[in-house]
Every structure is written in C-alpha cells, then in structure tokens.
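Shown below is the structure under consideration.
Labels run A, B, C and D following the written order; every chain starts at residue 1.
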Amino acid sequence: MSSRPWTTAITKVEPNKLLLRGYSIDELMAKASFAEAAYLALTGEMPTPAQARLVNAIFVSSIDHGATPPSALGTMTAASTRASLSAAVAAGLLAITHVHGGAVEGAIRMFADAASRRGAGGPPAEAAAAALDDLKSKGMRAPGFGHRIHTNDPRATELFRLAREARVDGGYLELADAFEKELAARLGKPLPINVDGAIAAVLCELGVPPEMGNAFFIISRVPGLIAHAVEEMTRQKPMRVVDPRNHEYDGPAERKLTDR
Amino acid sequence: MSSRPWTTAITKVEPNKLLLRGYSIDELMAKASFAEAAYLALTGEMPTPAQARLVNAIFVSSIDHGATPPSALGTMTAASTRASLSAAVAAGLLAITHVHGGAVEGAIRMFADAASRRGAGGPPAEAAAAALDDLKSKGMRAPGFGHRIHTNDPRATELFRLAREARVDGGYLELADAFEKELAARLGKPLPINVDGAIAAVLCELGVPPEMGNAFFIISRVPGLIAHAVEEMTRQKPMRVVDPRNHEYDGPAERKLTDR
Amino acid sequence: MSSRPWTTAITKVEPNKLLLRGYSIDELMAKASFAEAAYLALTGEMPTPAQARLVNAIFVSSIDHGATPPSALGTMTAASTRASLSAAVAAGLLAITHVHGGAVEGAIRMFADAASRRGAGGPPAEAAAAALDDLKSKGMRAPGFGHRIHTNDPRATELFRLAREARVDGGYLELADAFEKELAARLGKPLPINVDGAIAAVLCELGVPPEMGNAFFIISRVPGLIAHAVEEMTRQKPMRVVDPRNHEYDGPAERKLTDR
Amino acid sequence: MSSRPWTTAITKVEPNKLLLRGYSIDELMAKASFAEAAYLALTGEMPTPAQARLVNAIFVSSIDHGATPPSALGTMTAASTRASLSAAVAAGLLAITHVHGGAVEGAIRMFADAASRRGAGGPPAEAAAAALDDLKSKGMRAPGFGHRIHTNDPRATELFRLAREARVDGGYLELADAFEKELAARLGKPLPINVDGAIAAVLCELGVPPEMGNAFFIISRVPGLIAHAVEEMTRQKPMRVVDPRNHEYDGPAERKLTDR
C-alpha cells in the first residue's frame, strides 16, 4: 500500500489555485487563447505568437467536414438514440483512426524519416522517394495524401500559405511538396496532400513529436461533433435512420467575416 | 429508397470548398480564433469581440484539473493499456455526466427558471429562493455550486471578473450571487459557485440554450484529457496501476506569462 | 493515504484461485452455462434450472436484429475505420439508451408500480390503467411496447411461451397482457409488447431489480455487434459509406436446428 | 443515390420473423444455449456439442477478474459519475487492448505460424522456437503467456483439461505446451500460459480465425463489467475515488455448485 508516488507534470492542483504547466489558470483565462492553452497543455510550453497563429489555424481547419465522415455519423447515430452529449461525442471519436483523421501521426513519422535521410541538405526529392520506397516495402501507403472529395484540399492550401507567411522554415514544407510530386509521378495522376498531411508538415516545423500528432485533429473536430449531436437532438426525431447519402445543406448562404 | 433528403445546417461541403455556417474555412483559419470558430460551429453565429473574450475564457478555464477527476482517470486507465488516443479520450468523456463537468446544462435551466420568475425586475433573492424551493421539492440539489477541493474556485472568480469587465448585463451575474447567498443561508455555511455554475451564468448572458451548455466543458477538457493520455503512454509502463491518490506534481514551478 | 478499504462482493482474486460470488471459476467453467454464470455475476446467486432456461432465452432473444438498429450502425461505422474490435463494440453500446434496447429498466419499474397498486390481488386491468395514467401525467410513454418492424414480436411471443411452460407465476405475465389490452383500447389500435417489454415482465418474475434490467439486453447484443464489426472489417473496404437502407441479406437460407 | 445494395450475412429481418444465420430466433431461444448462439452469430455455424462445451467454458472463464483490471476500473470510474449502464460498459471495453484481454488474436497468429512451420508433423519444440525467434526479431513478446498474479492460471488449466476431455486434437494443445517449455528455457524461469493463451489454443482447435479471437474475451467480460457498474451505482456514493489498491472482498465465502 505504501508505494512511491507517481508523478504528473500537467497541472498542479491546490485549494483555490490551479497551475497548468506552471501558469496560473486565471492568468491564462485572461491572456491566452484557447489554441495557445491547448498547445501548452499538450506540449508543456506556450507557443510563440507566430507558432500560435499556425496552431490556431490547425485547430480551426478540421472543426467539421459535414455529415458524411464516419466520426460525424457515429456521433449522430448515438445522438439519434438520445445518448448523453459526452457519450455521443465519444461514439464519434471511436471512428477516428489511422484511416479517418488519424493520419497525422503516420505522416509526421514519414516526414521525419525523409528529413533524417536528407541529413545536412540533400535534395528533398531523393529523400521523399526513399521514404516512399520504405513504406512500400512494408505494404503501406503514404499517410496524409489524397481525399475522397477534394482534389485540392482548401485547408491544406491555406495552412501552407499561413506557414510560409509565418516564415517557418525547417524544410518540411518543401519536403511535403516533394512527396506530392513523387507520388504524382509514381501514380501517373495527382494525389494531393490533404489536411492531415498539411497539419503533419506544420507540426514537424513546430517540433511536435509524432505521438502527439493525432491530438490536433481530435481537439479540432470535437466542436463539430457536438454541433452534429445537438442538431440531431433538436431537429430530428429519436431513432430516425441517419442516411449518410440523402441529405442537403440548409444553413446560411456563403458570407464573409468582413460582412459582420 | 427514395425518401426526401434530410437537412443539416452546419457545413456545406463541395469539392475544394468548405463553408462552416456560411463562412469559408480558409477565411476562418486566417481570421478567427479557435474559440470563435467553435462557438460558430455550435451556435451558428460568430460571437462579438466582447463575447469572444468570454467564450475563450470559458474554454481555457476547464482545460484540466489534474489527475483526480473521473474523466482524467478514465482516460489514463485506457491509455495504460495503450488504447488509441481517440479511444482513451472517449473513455474519459464517458465519465462526464451531471455529477462531473456536466452540471452546466442544469445550472442554465435553474438560472433561466429564476430569471423568468423574476420577470420584469423583481429582487433576485426571491427568484433564487423560489427556484431552489422548486428543485428541493423534486429532491434535486442546486447544480453548479460547491467543489471537492476549492472553497473559492479561481476559475469562477476570474470568469465573473471578465464578464463584469465585458459589461455583459442580463442580470445573470447578480442572480448567481443571489443563489450563493441563499444557499449559504439555508446550509449555514458557504457553498460557493464552482466553474460549472459560473460558465452557466455567463452562457445565460450570451443566450446559449441549455441543451448546448455541457458542450463548453467537453470542448474545454479534451486537450487536458489528451495531455494525460500522452503522459501516460510516454512516461509510464503499460498496465501500471493508476493510483488516484498517491501522486505528486513534478512539472514546472509557478511562472508568469509575462516571464516569457 | 490510509483510508479504510472499500469492499466488492463480486470476485475474490488470489494467486491461482478465482471465486465468482463464492464459486470457483474452474467449477463454473465445467458445470455452469454462460447464461447461468452471467446471471450469477449480476445477481449474486445461481438461477434454478427453470430460471436458467428463461435467462438463457432472454440472452439468446436479442443477440442481433440486423444492420439497421443504431447500435449495429454505430459499431459498423467505427469498424469501417478499422477501429479495434473493443472500440467498435463500445461505439455501438453508446447507442443503447432508453429509446433503443434500454427500455427494460423503465418497463420493470412500470410493471412493479402496477403490481404494487394491485396489491393483494386486484384486477390487473385497473392496475395497468392506473400505472399508464401516472406515466401519462408525467408526459411519458409506456416503455416496452410497439416496434418499428414487428406487429407481433416473435421474441416476446416465445419468451412468454417459455415462461408459461416454466410455470413462473408472480402475476407479471397477466399484467403484461393487461397493459397490452389497455394500450390498444386507449390508442384504438394494437401496440403489442416488444422484446424489451417481455424481458422486463420475465425479469420481474425472477425478482431482478430495475437497475439491472438493461444489463440483459446489453449482454445479449454484444455478440451481434461483434459479428457486425468482424463482417465489416472482413467483407468491406475501409471508409466505405455504411448505408442503413440499401442492403440485402445474403446469408444462409432458412434452416432448422434439427437439420444439423 | 441508386448504388447497388451491400450485403450482410448475419440476420434476416422480416416483419415478425428473425433468422440468425438461417435459424429462427424463437427456435434458438428454446433449444440453443447462449454460448452456442453467440458462436453461431460470430462464425456462421452452430458448434457441435463437444465444441459447444469448450465455447461455453471459454465464455465462463473470463467473466470477471475482480476490481483491478483496467477494464473494471474504467467501468467503475464511469459508473462513479452515474453514466448510463451502456456507457459505463463502453468505458471499460476501451481498456481492452493487446495488453489487457486482447492477446488472443496475437496468440492465435503465433500458434498458427508455428503450426504451419511444423507442417506435416515436425517436432512442436522446433516450431515453437522458430515462431518465438520470428517474434523476437520484430521486437515482440509472446502473447498469451505470463500473468501479474497467477503463476498457474486456473482458467488455463481447466480449459486445457476440458479440451483434452473433449478429445480435440489438431496439435495446438501440445504446441502450447512446447511454447511454455521453450519460454521457460529461454527466460530461465517459468512464464506459464495464461487464459488468453489457452483460449487462443482452443480456438485454433475450433478453427476460429485470428480476427475473431478477441471477440471471445470481450463477450465473456461484459457481464463482469456490468456487475462492477451496478455494484458501484448501488453501493457507493457518486464521485467517490475508486482506489485500485485499497479494497477487500466481502462477498460470499467459498461454496460449491453441489451445495445448491
């Protein structure tokens, strides 16, 4: 019974005082954005302002993708039976795996592998080719490339634009380009980078380790899953059949933030 | 097979184009904070800058509370068996109920009940007393008051400070005070408002409906759950016994954001 | 740290020895059926042979209901992303609530309420009517009656036949009949008892308390959920869209156990 | 919208008629044990009486292992917050992975690998050694051997006894022995087969494919998880801290089935 205490480095809890990674929670509430605080919780350190802008963009990028992803269907299915909100979100999360939303970890490993092959500055094309050969020899496909719907994933495009604007430059953006070119050459048709792949490349630039990669997609998608759960519970009858094909969008027409 | 399509108002998905509640996802990635985008996903509208500051503070407030809450223990227990990151988070979410993190919905209903009793401007003390009598007659306790550890929850204090600073004033802040006074009088000892109660009062000010109340705690806590899952997987051996009592904090000493 | 130990009455674990509710696990493996052992785990006592036959029939009755129930869809959706088998089952379980598979608890309470109104032997019709009036005054519907597909649920019919054969007779079978008649009279059309309602009536005969009622459906359905998960993983491609309407049965044609 | 229907071979659902793998559900309710029906649901065929006895023993063997396994702790933690019964079970299932309860699949693969190396009848010792070498070269440990508590797992012993009694003889029982001997020789101390390993060897004898292996542990453990959930909800206060170390058994003293 008298085993040595184990240790945790996340939050220090005392009566009437909470320190997250050393920072007082009330100071964070007033001065940190949720994206910064989430990054702090995950990595142990606050991001720089330039990093924070990218982290925020990552979290915003994957907040929802409509009613067809398996995670949304899992959440709506549970919500159709009037499960609790947290249970409905949990049901959706269980559909987030390496084939849906969970390709970030694998893509970080693939990019890191190519970066280490590249070493002191070899050409990115050769490094990408060698990393892809290695995956192929294991019977694996390149994680983070290709999308059911988008031929040019707008979230990837914008994330790379912001990363270039922020002048992060550890070589991972050009590596991602090299993978895209190499994949197109091998397949004889484009297999463009998707949002998972773009998140992975930017997280490589930030130095986030692979085992934390999928965290960003999960955090990002939870508000979307909740929106689907609440919509199901408020707009639909219990036990209705959630048809993943036969639905239409009836929300607001396109508008601009500047219109506000 | 040819049933009428059902409708969803959250996201419009087209090839290479995503509109969240009408706003283009790439515009949101560059110009909106994650807190704003999450609020947009949930409620359908962007918050004003003053509202956004409060929404952000809510999301930051509950990001983690150390290793003892049931949600953290649920996540660490699954992570100790090397479940996937999304499964470990799901396991933790399943411990978020009306008795842990899920008191926001009930508190919103209680405050709204008191506000409607108060009508055009009666004294908040009477409305609080009537609402508490009604709960008592149903054998229920007031949600959002009292805490295992904090006699003065620093998150509630800061959230109210920020709400007063933002000059929101629909009467819910003074109602919350009235409940606190009435509860203390009835119990003969203080039962101070906790972070759930404070979030509920501020969400009432923002006009968020009760069925969406628990969403804010869930979104807030997910980064903390992930931090515990990753810490478990990287610092501890598989299948170790997660002892909820016998642990110590070994993270950074107290520091200030201004020290950065 | 030195708090008093808490207690559990389920299993005594010693090195090389396991006692489930007092019975050695190896004796149970050789001499008890899984239905008996599950009943023992839940209730603390072995059923009599007559009870065991009913408990077994309950567990068999709800083992699967095809691909359209929300629990099956939740499991298949997670399995389509190649979640682990346990995660896929968990996703399906999260869709088991009071509106799907979880009506047993409510039906036990309703039957118990009617039985106590009936007291020493009043007419079942009056007791059923009073219990239904009470539910109606709370805005609730009678749990355990009506089905999306079956006008005469074959599982309920067989369960009642077996119960009559077993000569259980605490009055709950005739009470269930009385509810069915009263509901038909009120609605002007039949609303026949479904498998949840029949399970509830038989569990009342066995003396199982309401808080344990939903356990029987959950235990029963898990093998079916696993069958759907394995079928999804072995017969379908990852990320295929699980369409709840457009599917056909391609399994064995009708056959008899006596054909074996 | 007019895609070809997909197919499922598990259950044929028609109004007032249910066929599980071709057998009418009411015939199964009266004539099949739950273990047989679960096996039918999983594999598509009824077991022979000799197989049914082993399948039943497998399901009984793992029904519970007290309050310390991660799955029990996950279920109790969720139940301590008064999550629904199905959510509490789901939380526990999420802790069933390759390191807890989910070693059956890996052990089936390992035994099948050794069996194919053995071919037409080579010595089991050489086949086991070769299979262990192969695992070692991949940095993996032998699944299904060793236990935190038992040096001689009573469930494995009894399962092998029943298998020998049933005269199943595809060579997997002697292969399992060969692995145990080889592991002891390599480690210089015994690493006896555990219940996962024994289940795997018996499932190999039954011809159950590896992807179905973990199903048997999951089905078996669900009643135990429910017993813990109900005990938590009925004997303990909400939000109590579930201490995995400091507890005692207070159930019935040892008794015999023949005492009934």
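Basically, contacts are C-beta pairs under 8 Å (C-beta built on N, C-alpha and C of every residue); 3 or more make two chains touch, one makes a residue touch a chain.
Quick caveat, the model's predicted, so the values are computed rather than measured.
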item	value
Fitted rotation between subunit B and its twin subunit D in degrees, CA, nearest 5	180
Selected pair, out of B-D, C-D or B-C, that shares over half of its residue contact pairs with A-D	B-C
Whole-Å gap between the CA centroids of subunit A and subunit C	39
Where subunit B and subunit C are represented by their mean Cα positions, the distance between them in whole Å	35
Whole-Å separation of chain centres (CA-atom averages), subunit A against subunit B	22
Residues within subunit D bordering two or more other chains	1, 3, 68, 83-84, 87, 90-91, 94, 96-97, 243, 245-246
Subunit B to subunit C touching residues, read off their complex	1, 3, 83-84, 87, 90, 245-246
Residues of subunit A defined as touching subunit C within the complex	1-2, 68, 70, 73-74, 77-78, 80-83, 87-88, 90-91, 94-100, 148, 238-239, 241-245
Interfacial residue positions of subunit B with respect to subunit A in the complex	3, 5-13, 15-35, 37-38, 41-42, 44, 46, 56-57, 59-61, 63-68, 84-87, 89-91, 93-94, 96-97, 101-102, 149-155, 157-159, 162, 211-212, 214-215, 218-220, 222-224, 226-228, 230-231, 233-236, 240, 243, 246-257, 260
